[in-house]
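Got a structure for you, questions after.
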Amino acid sequence: MNYNQIFEKIDDALKPFVSDGKISASIPELAMVDPTKFGIHLLDNRGNDYAFGNSDEKFSIQSISKVFSLSLAFQFMGEQIWQRVGVEPSGNPFNSLVQLEYEKGKPRNPFINAGAMVIADILISNLENPKEDFLNFVRKLAHTENIHYNESVALSEKKVGFRNAALANFLKSFGSIYNEVDIVLDFYFHQCSLEMTCKELAHSFYYFANEGFTKERIKILTQSQTKRLNALMQTCGFYDESGEFAYKVGLPGKSGIGGGIIAIHPKNYSVATWGPKLNEKGNSVLGMKALEFLTTETQMSIF
Amino acid sequence: MNYNQIFEKIDDALKPFVSDGKISASIPELAMVDPTKFGIHLLDNRGNDYAFGNSDEKFSIQSISKVFSLSLAFQFMGEQIWQRVGVEPSGNPFNSLVQLEYEKGKPRNPFINAGAMVIADILISNLENPKEDFLNFVRKLAHTENIHYNESVALSEKKVGFRNAALANFLKSFGSIYNEVDIVLDFYFHQCSLEMTCKELAHSFYYFANEGFTKERIKILTQSQTKRLNALMQTCGFYDESGEFAYKVGLPGKSGIGGGIIAIHPKNYSVATWGPKLNEKGNSVLGMKALEFLTTETQMSIF
Amino acid sequence: MNYNQIFEKIDDALKPFVSDGKISASIPELAMVDPTKFGIHLLDNRGNDYAFGNSDEKFSIQSISKVFSLSLAFQFMGEQIWQRVGVEPSGNPFNSLVQLEYEKGKPRNPFINAGAMVIADILISNLENPKEDFLNFVRKLAHTENIHYNESVALSEKKVGFRNAALANFLKSFGSIYNEVDIVLDFYFHQCSLEMTCKELAHSFYYFANEGFTKERIKILTQSQTKRLNALMQTCGFYDESGEFAYKVGLPGKSGIGGGIIAIHPKNYSVATWGPKLNEKGNSVLGMKALEFLTTETQMSIF
Amino acid sequence: MNYNQIFEKIDDALKPFVSDGKISASIPELAMVDPTKFGIHLLDNRGNDYAFGNSDEKFSIQSISKVFSLSLAFQFMGEQIWQRVGVEPSGNPFNSLVQLEYEKGKPRNPFINAGAMVIADILISNLENPKEDFLNFVRKLAHTENIHYNESVALSEKKVGFRNAALANFLKSFGSIYNEVDIVLDFYFHQCSLEMTCKELAHSFYYFANEGFTKERIKILTQSQTKRLNALMQTCGFYDESGEFAYKVGLPGKSGIGGGIIAIHPKNYSVATWGPKLNEKGNSVLGMKALEFLTTETQMSIF
């Protein structure tokens, strides 16, 4: 399939939506991004790259990092990981404390903030140099050394991240995290501060489209594990808009408030989009639309 | 693929679980079913039938009927239907009133009871003889006249269905249903009382595996609509165990407290299972396991 | 104390507030009341009557009736009544289903609608002719035969009372009411439809100010029971504005959406006010203000 | 009234309950207290002292301190204080985050933990040396210099107080506290660590029984303010058991998880009890019982 032609069409189709949404105001650094940016990069099952727009610019991947940390923790713990986080969609905003209180401190899934903190806690317990080792894992996935934490973003999140500090302390009060609250938060804020391009994201998520293997044939997950995390991205990847994304796009994926989205067509392709302006659920307006057009135009979806 | 061999293996694999779970006690009629029953029927994309066990015995399809009613209402209203029900997983039990109160009477999705009542309300407004016309629609899908409401089950649900009566009145108080509460409940209890076999279910859901067409090439939904309802079954078909089903089985589907489950592998097959004993979330123990073995054994899932 | 002079002052003090609030739109009959009405009647511990404004006009007492039904049910069951309803403030609107779901069908207190329905259920089980007997009880308290149900108000509530029907069915689903849902609702809608004047209310509540005895020395409750129901009115009598009323007025009391309020100064007086326009919590604007002025001006409150 | 004789009777009446309840396990220091302790001290409106049991032993006053901090903050802000905390009972445990989320960060009342933190924040903003000045305020109320923070209790709460840290960060995320989270928590943990005897508590709360004046005629609050805080203790002083306390005891009061309770009979007396074992709601078993016997025996309650 010639995705380049489709990207041209998508670009046209996005025009009515370019002024919709707004940039995340959660931390000052994110607010400084040029709101007109848009990029898309697709890597198909033959290893071909298709790119459009600002697909080679770095942006803050934020919650997309939760899939990396989950994959690595899954390598350590296997199915036992589900004793510490669930696999059910939450039906609530990503940072709600309500559900956590009713469910006695076990986060619904690893993609809400509370769940990602439990995953961070697992990594801290299992890695010798947590932040370094995690960074190296992502670099291996993306097949490049040119990936870094943005320290000022991480610091900024620490300064204003009272909701996340509330969540981490709340988890700690239930015994759901084992390490020090501050250490867990520091790791979490760093993982979210990772900066990558659409191209790097599409490459680093390729193993989800390739039965667990990177483009360079490094095995990350078993075929069965790959299938399972794809299912999890499908049901929980877009906060309380996961149903909408499944309905409109029909692919597993994960979004971040930096405006990035990654989506997977198992055995076919991985695709990353970037558009900084978000809808009220915290997902990229242009990214959602672009992926909807992509699956409609190609008539390829998992459903 | 020779599904018959796989069914033999599944039968072996289910042995450790045959005493797990218990039959729904929600209405007396359901409780009288033989708990040892198990059946499975698969219809593949070449029109081949594969059957095992008690696959030709009628059972109460209960909530599986919600997919039929949604399909028919979708024919009438198209995308406008989502102004009256949402597409997000609920994260709560199927008959919770809490979420409905916080969300001002708009049900999260058409598969929780409240959502199915709104769909019933739409059908009542659009059909000349609602119960008859709906029955005929299901008969057309299943390509057989031998499908009936079980009046004593419907009556029994009316007698003990106080939670459902609460939901219907609650919806009415928000203006979410337009017809009389009693008429909506009567329709709803009838649709749930439909009795079908695994074979009939597999055939009547075949259009979800066949881009919207029945085996007899009758068009029920467009290709796009089919994809969308598949996505909805994926994210919302198993109450607050939808994530678990996606994780373990990886197929869209829908369960009922009569012990039936239907699952779809788009473009590949539709498959129905029946095992009356339920887990604590209200889903058939043997059905869930059987489908998990099926996708593991065949290494075919949408993810 | 010369309450007549105080009433004159109160009348002046209310002037800035006469246009605040609005009449309940919950049922059409209530909406037809003249919004400018205001009346107050106080009966002191020497049996003196003090009246002002429209204190001799009948109005719909609505939820104020819940205190009568509780008193009568308390006569039958004594302390055992608290096995079926609680004594804690709810912190939620009077007709919320959420709390009821989390607390498994036991209403928080007898003054929220769900609690009043459980009390109605108790009366139906204990009275030979529930509606007649209850009416006679209220007539005895008020020392007049001229008290009646308003059948058209009761009928109107039945027609539009879907939220109440939801509550009653919900209670029934938990086994919290024993009689038929329709019978409980019929009783409940009738008790709320009672019409009384401020004078009749002040007289019929006099036993709460008089250690359990009516003005005519009929014993209704023991001294200890009287004290306890006063405490209950204090903590739960004004829905989710009970704290505000305690804070501003400092007397036990009960309000109704017909615009009536009854308040008790134990061993001193009972006082009833009526002003049809309600604040957003469903309590009479002028009644709340009048009672605040009364306790401020007299420097008499229980605190 | 000869309270000494009544105390003897109460001591007898408590015998069946001495083995009920258990000591708070929230912090290790509290768990080391002798569980058999019981003391009571009453100061009447003529300035007479009545004491019984371990009424001169120091214990951790914990949440009782919230009334001191509220009184002091009320001096600074007057009625404007209610723009930052509410006056409604919460209907939830004292440390719930759920309600706070639904109500956008404004605590229900100043006696739940979140509310007390907002009050602490107000004091920090208004006092030059917050911890010292607050301590001096309490010493003035109690008319003794012999009152101290227990630093090891304060430290211990900091070490294990993850739920409180979650609350404080949550409040900060809503902008409900203005000072640094750590400073607010440090103040809060210190105020809770105050150690006092029953006698000191009865004396330091005397202004609530004496129209705003201490025994030494120092004016703390106006008569109107006194009445209002009494009302607040009545409706909110015992967490989600406030209704039960009002029902059984009928006096305004406040409890702490150190096993202390203070209660006020306006214009009559202040009374403090101490018994370390708590019921499941976190209130002293013997203290609740003792006060119930006191008001029953004396036939004096505000109702």
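Every chain is named by a letter (A, B, C and D) in the order it is written, and numbering of its residues begins at 1.
In this text, contacts are C-beta pairs under 8 Å (C-beta built on N, C-alpha and C of every residue); 3 or more make two chains touch, one makes a residue touch a chain.
Because the structure is predicted, anything quoted here is derived from the model rather than measured.
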Those chains which touch chain D and also touch chain B: A, C
Angle (degrees, nearest 5) of the CA superposition of chain B onto chain C: 180
Per Cα centroids, the chain farthest from chain C: A
Between chain D and chain A, distance of the C-alpha-averaged centres to the nearest whole Å: 47
Geometric centre distance via CA averages, chain D-chain C, whole Å: 32
Set of chain D residues in contact with two or more other chains: none
Residues on chain A engaged by chain B in the complex (per definition of touch): 86-92, 99, 108-109, 223-224, 226-228, 230-232, 234-236, 240-244, 246-248, 250, 252, 266, 296, 299, 301-303
Complex interface listing, chain C residues touching chain B: 96-98, 101-102, 162-163, 165-170, 172-173, 181
